[in-house]
Amino acid sequence: MSLNTFGHLFRVTTWGESHGPALGATIDGCPPGVSLDAAMLQHWLDRRKPGQNRFTTQRREPDEVEILSGIYEGHTTGTPIQLMIRNTDQRSKDYGDIAQKFRPGHADITYWQKYGIRDPRGGGRSSARETAARVAAGGVAREVIRALLPGMQIKGYMVQMGPRQIERARFDWDQIDANPFWTPDATAAAEWAVYLDGLRKSGSSVGAVIEVVAKGAPAGLGAPVYGKLDTDIAAAMMSINAVKGVEIGEGMAAACLTGEANADEIRMGPDGPEFSSNHAGGILGGISTGQDIVCRFAVKPTSSILTPRKTITIAGEATEIVTKGRHDPCVGIRAVPVGEAMMACVILDHILLDRAQTGGIRGRIG
Amino acid sequence: MSLNTFGHLFRVTTWGESHGPALGATIDGCPPGVSLDAAMLQHWLDRRKPGQNRFTTQRREPDEVEILSGIYEGHTTGTPIQLMIRNTDQRSKDYGDIAQKFRPGHADITYWQKYGIRDPRGGGRSSARETAARVAAGGVAREVIRALLPGMQIKGYMVQMGPRQIERARFDWDQIDANPFWTPDATAAAEWAVYLDGLRKSGSSVGAVIEVVAKGAPAGLGAPVYGKLDTDIAAAMMSINAVKGVEIGEGMAAACLTGEANADEIRMGPDGPEFSSNHAGGILGGISTGQDIVCRFAVKPTSSILTPRKTITIAGEATEIVTKGRHDPCVGIRAVPVGEAMMACVILDHILLDRAQTGGIRGRIG
Amino acid sequence: MSLNTFGHLFRVTTWGESHGPALGATIDGCPPGVSLDAAMLQHWLDRRKPGQNRFTTQRREPDEVEILSGIYEGHTTGTPIQLMIRNTDQRSKDYGDIAQKFRPGHADITYWQKYGIRDPRGGGRSSARETAARVAAGGVAREVIRALLPGMQIKGYMVQMGPRQIERARFDWDQIDANPFWTPDATAAAEWAVYLDGLRKSGSSVGAVIEVVAKGAPAGLGAPVYGKLDTDIAAAMMSINAVKGVEIGEGMAAACLTGEANADEIRMGPDGPEFSSNHAGGILGGISTGQDIVCRFAVKPTSSILTPRKTITIAGEATEIVTKGRHDPCVGIRAVPVGEAMMACVILDHILLDRAQTGGIRGRIG
Amino acid sequence: MSLNTFGHLFRVTTWGESHGPALGATIDGCPPGVSLDAAMLQHWLDRRKPGQNRFTTQRREPDEVEILSGIYEGHTTGTPIQLMIRNTDQRSKDYGDIAQKFRPGHADITYWQKYGIRDPRGGGRSSARETAARVAAGGVAREVIRALLPGMQIKGYMVQMGPRQIERARFDWDQIDANPFWTPDATAAAEWAVYLDGLRKSGSSVGAVIEVVAKGAPAGLGAPVYGKLDTDIAAAMMSINAVKGVEIGEGMAAACLTGEANADEIRMGPDGPEFSSNHAGGILGGISTGQDIVCRFAVKPTSSILTPRKTITIAGEATEIVTKGRHDPCVGIRAVPVGEAMMACVILDHILLDRAQTGGIRGRIG
């Protein structure tokens, strides 16, 4: 509801600017008694951390998370959890020029027009650094999910860089953590490395598509109309910086299908209903089916590029701008752990919503 | 926050089942003093009404809206507006068979699994009839927008049916209201009519892509992180029945672009900043730029088809199902006014949010 | 959150004006599978209904509630429940004079100043008729509580009329439903009847204090800081028309006590902790203790009296006003079922919130 | 809405435990462009700070607030403001005994029963230290109000300690800041000092009543039903630790009045409507009248006293407890700045809500 908060019951409010003293997440509504310490969260933050290879920004941030509240003797107490990450490598000199000019494709101009003031240092609040807070919060959500539904797994990976898609036949879960692009297709990873090196050296950038899957979610999460599981997933992903499209299951391609091709037939399996296919992406009528929950989102290319671009100054004068400094040729790479974190937060939120309304009692089949 | 409510300040709660006595929308937070009567809302409902041509369901519903509260002497009073639409053509005999079987691709199975009870008559709450309430609420939002920002226009239209896209070069605003598909491309309309007749006669169905544009929205609507304008548009559109993907501006195709191609250059125009292109879909950093706000969403084909499909009963036994009765070969057609309504609600909500936080004061440029 | 909504998860939005076609409540978040029909709600509405004896307004309203949605075969489905009550006895001629004058002590002037428009017929939205919708919604909450926690009881009664308090030593539960004032003290009831007859005949009015008790609520409902059980009870009661004060347990008198006198000592009983007293009103740190939850609220006298009062017109001219028509000499009487309804809604809301966050798992003692 | 958040649009989430590393407030929805620095907030925190005289706890906390986000060059940017206060004097050895025993009148037992875990160090989340975060947030609200409505003043003061009330005839605004009890009655202050010294030396404690007034608030803040200004004030005050009753205007005493005595007559003054009295406490029908907004709340005596009290252990065994350590003989004293802070937050929230819905346009009178 609030401008910087997401979630109904597991509520995450992120705060902080790129070059302020710190940023973080205030988490309210976390179930009590869950084992949690900073190291568990650091694991996920380290995956998002910049400067890990030549394909991400060279800003050096340790991104060390401190837990300031809500934990006692290694367990959540049910009170608000405050997660703080200090900014250390702020080099604000890099950003001096952009205080007076609006970078095309950036939030500079809209922040100015809305608020009449903006923090230009590193993009301020619109910096992708904000997503570190999401990843930390997602780490908390993962631990709660692990306690409530030990079999669940949430995994994100890149399925497209620029116009180059992975080959689904080469999909290998074990590859995802084995290349700098979090992609399940090793051949694609090799090709993308060459492609992205070219873009990086020319000071250009490119977009990407990320897929996030939740495996082992029970049937029954979600609600019929506005509190739909897919509504909240779409909102969560679209709220990530630079995301321009979100798909569930077949996504935009569902438009091309006939009713015969699209409907997933149902049969009885040993543990309950099974489906012959998953065009629905694990969600029917806003409620999970028990299949894999599958979403994808497109990340636009960063607009911080070395080619001069036409723009205007605050005074309204025509000018050009080149964004120097440290940037990501494909910000989609670092969006992978962010998408996972958002999925974890949404799923946990709906687990809590569901047990609130239904008490976890389910309509039996068979 | 609530399961069946959308909006932060202009809050719409829809209620009602397909075959209950009535359905409607409870609107809270509407500004006072806006001219409003039932005829203004009926105009939009009539566009969504079933049975208007051979391409939509033959269910006959007058969809007459009554205003039960919130209006005095033809103006909104600022108190809740209750909009009620009586169901008249309920023919529940059509749906007898499906009480015991789950239709593939429908919400039948997930409702059952979540709630342990469901109203099978016409799909109950999961019926597309719920969208009539959205269209009525959108009609209220339109009148308030007209009072606050007279220059704004919100228009939806179909840009793809099945695999067949419109030709952007043939785009003609005046065509949109001149064909049964609300498409701006007259040639496409003619081709689609033949195509859809074929699908209709064979008892099949197909998906579609709808585009909705808001023209004349001021710069400054939205917020940086979760209360982003694009987040709320994505949520609003994904909350419509059968929608599987949402795009802003370039959408999923943004992944294919380079930074040079994607960033919309800025220049000074007579009335303020102008942009050389609109890849961003009118939104940067979650906040409107003053350009056209452009979104698209994909509607899957209805799963109510005449071809038998494999499924199970509540008892878990294998069976087949054919959905007889009255159905839409392309539900995307009737999603056009629904998408417009959702856009109107989101835009108005953000106008109110913006004047709450900023008082409408803007950072000047030039 | 919304202007006309209360509740976090069991969310009730009331709508409607005194002399519009209807009023009602939209309930979202109700658990599924609970037995419910209109007669169950009518039982509670009949207790609040005007014109039942000479001490309440002679407006004749059957207050018949219709359930328009959310029920299938006599059970809640988990979808929104729409409750509608038609207005029948509207006699708007009674209210002609007050369209141009502001009644002292009424919302007339503030509605006008805020909205620039108001429905003067019977007070419009500010009429106590709005509370019929609350009572209907409270009836739903009661049925859900009965299903979840069969031992709970919620009971309201009058403990003070004007300056006359009941004698606690004469408290008799069985008396509450046996007199027109819902008071547990039969002697007080007899005295109040004489007292109120005098006020009624002279066209005056008087205030009252209502106490509402919830028995059998489990320990653990509520939350530490803003989502406190007592916070929500205070808000719920203060939101009732004409209420000016709310107390939990000792209430305002807690100020007079020493720490020794105030703290309820704890001992172990056969079913868990017991307390030697209940100064806390069943709530410590915002969370229920398992004792009776006790609140009181003061209802001011209605300002609709036969004595002329000085006021102004919309044009700002000095004038006098006498409110003719049908009114209540002690509106506190009809506030008793309303207070019960609000307590039921708050308790149920917190049952749902609690099982969302904690899953109903409790810290064991002993 | 959330468990630890208050406010609709100016949303404050407090976090932190008494003996954790820090506590604070996350503020979302603050208007941009308001002058703000830490010193402005420190002013208010210093009023609440413990250990300032012999009548408040001797815990030594500098309560220095750091602003971690949301400010650029001395002005709010419209993004979340994070306020952090480090805990320094934690002496957790004082609290060793109470980890296994429940203190009567404290939240110990209910936290345990709800969550199955609690931080016993200094009361953890239930400590009155949490109110430091509220005071800091209230300081932000005050600065925004100053920018929007320069004439407004919010002032709290003690009107009763134990059974001893102030004499209204001796009310002197200038006295409030001149004595350790924030009371406007110098004679009462002198008497209370003697009285409280006696209680302090005997290890006892006593309750108090605080009154908070907002002067200069415009007519039109609030809403008719649940979003009433008085509803939100009641909730805000009841959410403060140890508060057991809340009153608006006449409060509980309104029950004793007749309609003639209670209704504030209206006349036209030079700047608009005026009232002959203010029994309503500046609020009619949930909406401000333009008069002083007046509320009172009762604070119970702290239960941390030197007299042994009967209680049980977590194991359910009977025992006694004496709360040693540093405590307040009258916690009501430090509740004065907290009440002011809550009033400031509520008023600002309603200013924002009002300009959202009405745009600040008012119904003219005269």
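The first chain written gets the first letter, and so on, giving A, B, C and D; residue counts start at 1 in each chain.
Here is the rule we go by: a contact is a pair of C-beta atoms (placed from the backbone, for glycine too) under 8 Å apart; a residue touches a chain by one contact, two chains touch by 3 or more.
Because the structure is a prediction, the values reported are computed rather than measured.
*Asks:* Starting at subunit B, how many touch steps does it take at minimum to reach subunit D?
*Replies:* Step count on the best path from subunit B to subunit D: 1.
*Asks:* Taking CA centroids for every chain, report which one is farthest away from subunit D.
*Replies:* Comparing chain centres, B lies farthest from subunit D.
*Asks:* Looking only at C-beta pairs in contact, point me to the busier pair out of A-C and A-D.
*Replies:* A-D
*Asks:* Hey, how far is the Cα centre of subunit C from the one of subunit D, in Å?
*Replies:* That pair's centroid distance is 26 Å.
*Asks:* Which whole number of Å gives the spacing of the CA centres of subunit A and subunit D?
*Replies:* Comparing mean C-alpha positions, subunit D is 38 Å from subunit A.
*Asks:* Using mean C-alpha positions as chain centres, tell me how far subunit A is from subunit C in Å, no decimals.
*Replies:* 45
*Asks:* Two-or-more-chain contact residues of subunit B, please, as numbers and ranges.
*Replies:* 1-5, 14, 29, 32-33, 78-79, 114-118, 125, 224, 353, 357-358, 361, in rising order.
*Asks:* Please give the residue numbers of subunit B that touch subunit D in the complex, ascending.
*Replies:* 1, 9, 29-33, 78-79, 148, 224, 352-353, 355-359, 361
*Asks:* Provide the residue numbers of subunit D that touch subunit C in the complex, in ascending order.
*Replies:* 1-6, 8, 14, 102-107, 109-118, 125-126, 130, 160-163, 199, 204-209, 219-228, 230-235, 237-239, 241, 244-268, 273, 276, 279-281, 283-290, 296, 298-305, 307, 309-312, 314-318, 332, 353-354, 357-358, 361-366
*Asks:* Spell out the part of subunit D that touches subunit A in their complex, as residue ranges.
*Replies:* Touching subunit A: residues 1-5, 11, 13-17, 20-24, 26, 28-29, 32-33, 66, 68-70, 72, 75-82, 84, 114-119, 124-125 of subunit D.
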